[in-house]
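Across the two complexes that follow, chain A remains constant while its partner is chain B and subsequently chain C.
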Partner chain A sequence: MAFSGAEFLREHLRARLTLAMLVVIPALFVLVSASVLGEFADALGGSVTGDSASALGAGWAAAFLAGALGFFQVSSSRDADRRLALAGMGAARVAVARIGASILLGLLITVVAFLTLWLTAGIAHPPHAFAAILIFALIYIGIGTVVGSFLSDPLEGSLTVAFIFLIDAFSGPGMSGSGGVAQLMPTRKAADVLIAAGAGQGSPASDWIAVGLTTLGALLLAAVAFWLSARPRSA
Partner chain B sequence: MNGRASTATRMGFREQGRRPLLLVLLVAVPFLFISWSFAITEATPRLITLPGGEQLLTTMRDLHGAIMVPITVGFLAGLIGLFVVRSALESDRRLVLAGFSPGEAILPRLVVLVCATLVVLAASLAVTAIDFIPASWGPFVAGNLLAGLIYGAIGALAGALVGRLGGAYLMFFLPMMDIGVAQNPMFFDGEPQGWATVLPGYGPTRVIVDGAFSPQFQAGGELALSLAWTAALGVAVYLLLRRAVGALG
Partner chain C sequence: MNRDPIEAPARPANAPATETALRAAGIEKSFHRGVPPRRRRIEVLKGASLEVRRGELVGLVGENGSGKSTLMKIVVGLLERDAGTVERGGKLGYCPQTPLLWEKLTVDEHFELFARAYELDPEKTASATESLLAELQFERYRGYRIEELSGGTRQKLNLALALMHEPDLLLLDEPYSGFDWETYLRFWEMSERRRDEGMGILIVSHFLSERERLDRVYELRDGRCRET
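Take a look at the complex of A and B:
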């Protein structure tokens, strides 16, 4: 199983340009957005400012790259995964290996976003900030894979992922949303934790339980999506 | 356009028409983002600098609504360019093998890309008009069209050079950072900083800001710069695709 996950990871690492983008884009996003997110939140009537706004940018960078990654993991590998499952690996092992590779790539994005944030803006509560950024990435790996299991067309799929991300981001805490539908957004609690970490504060246990459950739910959905796309069809 | 190129163009449109969700998204994304930007932004005062140096007091709400148009058009056109070219690279070599010239295979893809950009532009402008009337429609429309064409071409180049996943990463990021942050008069001192002038979104965004807030056209240099970017990128896309579909073993 570990071997299969490593093979899937190697498949990504072989595409040097794609890998370079996984490193460069989150770093640039955090760097550029750090100086303006506070002003943006202020224009939307939000309350997030300073280091908390910069920290939120790192979560967003991890989220949108992980969403695209999750989508393309499913949509571009469907046929190959089905053949692997038929050849004896089994749909469940394929799904677990794909999830493992996605989590490792999500971790890479998180490390880059976290380090850029730390070096440029400083982080008052590093462990909480790291965990929250990783949670953003994992939730969006789940969202991307679920979208990929329903939509195979890359343009429709990537637009759908972007659509979900932008609604989620702009209605999040510290931006425009505070009640109603905004409470149901997938990274709502992760954003609360990240904003608090940016301001040097811890978060209540209820927030951690909520983000833990959301992350588990997202990864479970991703595993089901991978399993469904890899399982052999009856003729 | 000869018979073979028109048939390929018709097939290109039919290919897009088979994806009804795509059409819905091309209209729904501009509708949601632009109308939402107007709805959620506070009408706080904001001093901006127009092309030509004149300073003008407007509101964050109007600025956000106006600037969301090129962000949306650039973002959508970029993704369309990316995937239209990926599709071309996968199948148009076969057309060339079957007797099409590279130009006859490429032209229909570019027509589809420009038409999709026009659909997105029309939807975006229609939504904008509900909440905001630019001081001068001509430059506002021209700037947005140029932003769409520039980012459509960048998406096409990304599709050919960095592949599907790398291209998607790039097109998620680049229009947001260029038009949404670097050129956005909501940030910094109300005009782009020096480093932002080398980015492709500089010219179109300045033309748009001029059209949105000034009845007199003062962005001639920025318009010329935008046209130069569009022409250079258009030629680059054509040559790259010509080489890609014509390079047969």
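Take a look at the complex of A and C:
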């Protein structure tokens, strides 16, 4: 019998609170970001307004949810996954199934965040906005998964993901600045693309290449983290 | 990890157990705890050795914290050892002390998931599932999610998952915690029957009172196994 990992996806979709958060968090981020993000950016020394702020809010909502789900995909089922791998499934198949479930969850989060943005603020450049929101989600699946492979405590892990998210968000384009360390933040280029899409503009090919490589790197890190978590320890 | 199945003929009841199913020798394991300057090294296993033959029911007893579960996890492959060797032959079944299950999946979904891991065909999966549900008497819970089950029923599923592929070597880490008396007795009947059919079984326990049910007993003390 084939192993698709649908069980891992089902596991999350059966959590009512998770499903509720999938709707509430994007709505909150998009609605709030439209009204207060401009003032907040001013206070940090940046400038982001109107539709770009709403679009960025959708990206952050997707990042926040995906980071949390990525973390719990590893930390909450680590021992059960290892038992399954040991029973004959193998760590690689478990890791592939987990990555597959994560990507589908990321896609679901993106659809919800995108629809929220579309219904509440409208989008000038929908395909670019959808792609950029998905990239936010996939990058944060990688971050959440890597954090989960080092930290098993839910509080410590959640706080660490939230801390990375806050540093990333507040040093993003239009917020605290554009030079130095801010350029190295994981969603920097994705935010550039999303802000441009919110304003109805396209993005240069170099930005798309950069976000593509960052996303690929994040997913590879996630795959390694899932594999390390599931692999047996015998020599 | 050795996952290659070794086909072994069933041993006739009461025939002497000879073929080795598990041999662990000179196992050492230390843990580091705390942060400097209070970081310390705790030596748990200091050369522990044991052997289980096919058709044998072997106990591993010891006080709390003596390292029984650590040794079991090393033998299974869930924990790295610092030194020593582990040799296993045939299919392995492992029942951890704490049920390792997925809270949102149902009992049936767990059987299906492990059937894929064990590479059982649909017919074999159905027969193993039906038989274990009946044997451990929890058929009515097969559509329930784990989060809806009592501790005892979770433990029944935990045990059933270790048995569904009829392993050659069964490693049980205090498998009956949470069982009521009737289920506890049934557990021993199940174990003895499988032992008689040729399965090698190692059971971690801290009840020396179970001595008469076991063919041999190792006591883990001061990091070493001593056959009692």
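Criterion: the second predicted complex is superposed on the first by the 230 of 235 C-alpha atoms of A that agree within 3 Å, B and C clash if a C-alpha of one lies under 4 Å from a C-alpha of the other, contacts with A are read in each partner's own complex, and residues count from 1 in each chain.
Criterion: a residue touches a chain if its C-beta (ideal position, glycine included) is under 8 Å from a C-beta of that chain, and two chains touch if they have at least 3 such contacts.
These figures come from a predicted structure and were not determined experimentally.
> Would you mind checking which one, chain B or chain C, touches more residues on chain A?
B
> Go through the superposed model and pick first if A:L119 touches only chain B, second if only chain C, both, or neither.
The answer is neither, since A:L119 touches no partner chain.
> With both complexes overlaid on chain A, does A:D79 touch chain B (first), chain C (second), both or neither?
second
> Looking at A:L155, would you say it contacts chain B, chain C, both, or neither? Reply first, second, both or neither.
First partner only.
> On the A-aligned overlay, A:A15 touches which partner chain: chain B = first, chain C = second, or both, or neither?
Both partners, chain B and chain C.
> Answer with first, second, both or neither: which of chain B and chain C does A:I209 touch in the superposed model?
A:I209 sits against neither chain B nor chain C.
> Quick one: is A:L184 in contact with chain B, with chain C, with both, or with neither? Answer first, second, both or neither.
In the superposition, A:L184 contacts neither chain B nor chain C.
> Pick one for A:L220: touches chain B only (first), chain C only (second), both, or neither.
Neither: A:L220 stays clear of chain B and chain C.
> Across the two complexes, what residues of chain A are contacted by chain B and by chain C?
Dual-contact residues (chain A): 15.
> Contact residues on chain A for chain C in the complex?
Touching chain C from chain A are residues 1-3, 7, 10-12, 14-15, 77, 79-80, 82-89, 232-235.
> Under the definition above, what is the set of chain B residues touching chain A in their complex?
So the residues of chain B touching chain A come out as 19, 21-22, 25, 28-29, 32-33, 36, 40-42, 44, 60, 64, 75-76, 79-80, 82-83, 86, 161-166, 168-170, 172-173, 177, 181-182, 184, 186-188.
> Tell me, which parts of chain C touch chain A in their complex?
Of all residues in chain C, those touching chain A are 1, 3, 73-74, 76-81, 86, 92, 94, 96, 100-105, 109, 112-119, 121-122, 125, 145, 161.
> Which of the residues in chain A come into contact with chain B in the complex?
15, 17-18, 21-22, 25, 28-29, 32-33, 35-36, 39-40, 42-45, 64-65, 68-69, 72, 76, 151, 153-156, 158-160, 162-163, 166-167, 170, 176
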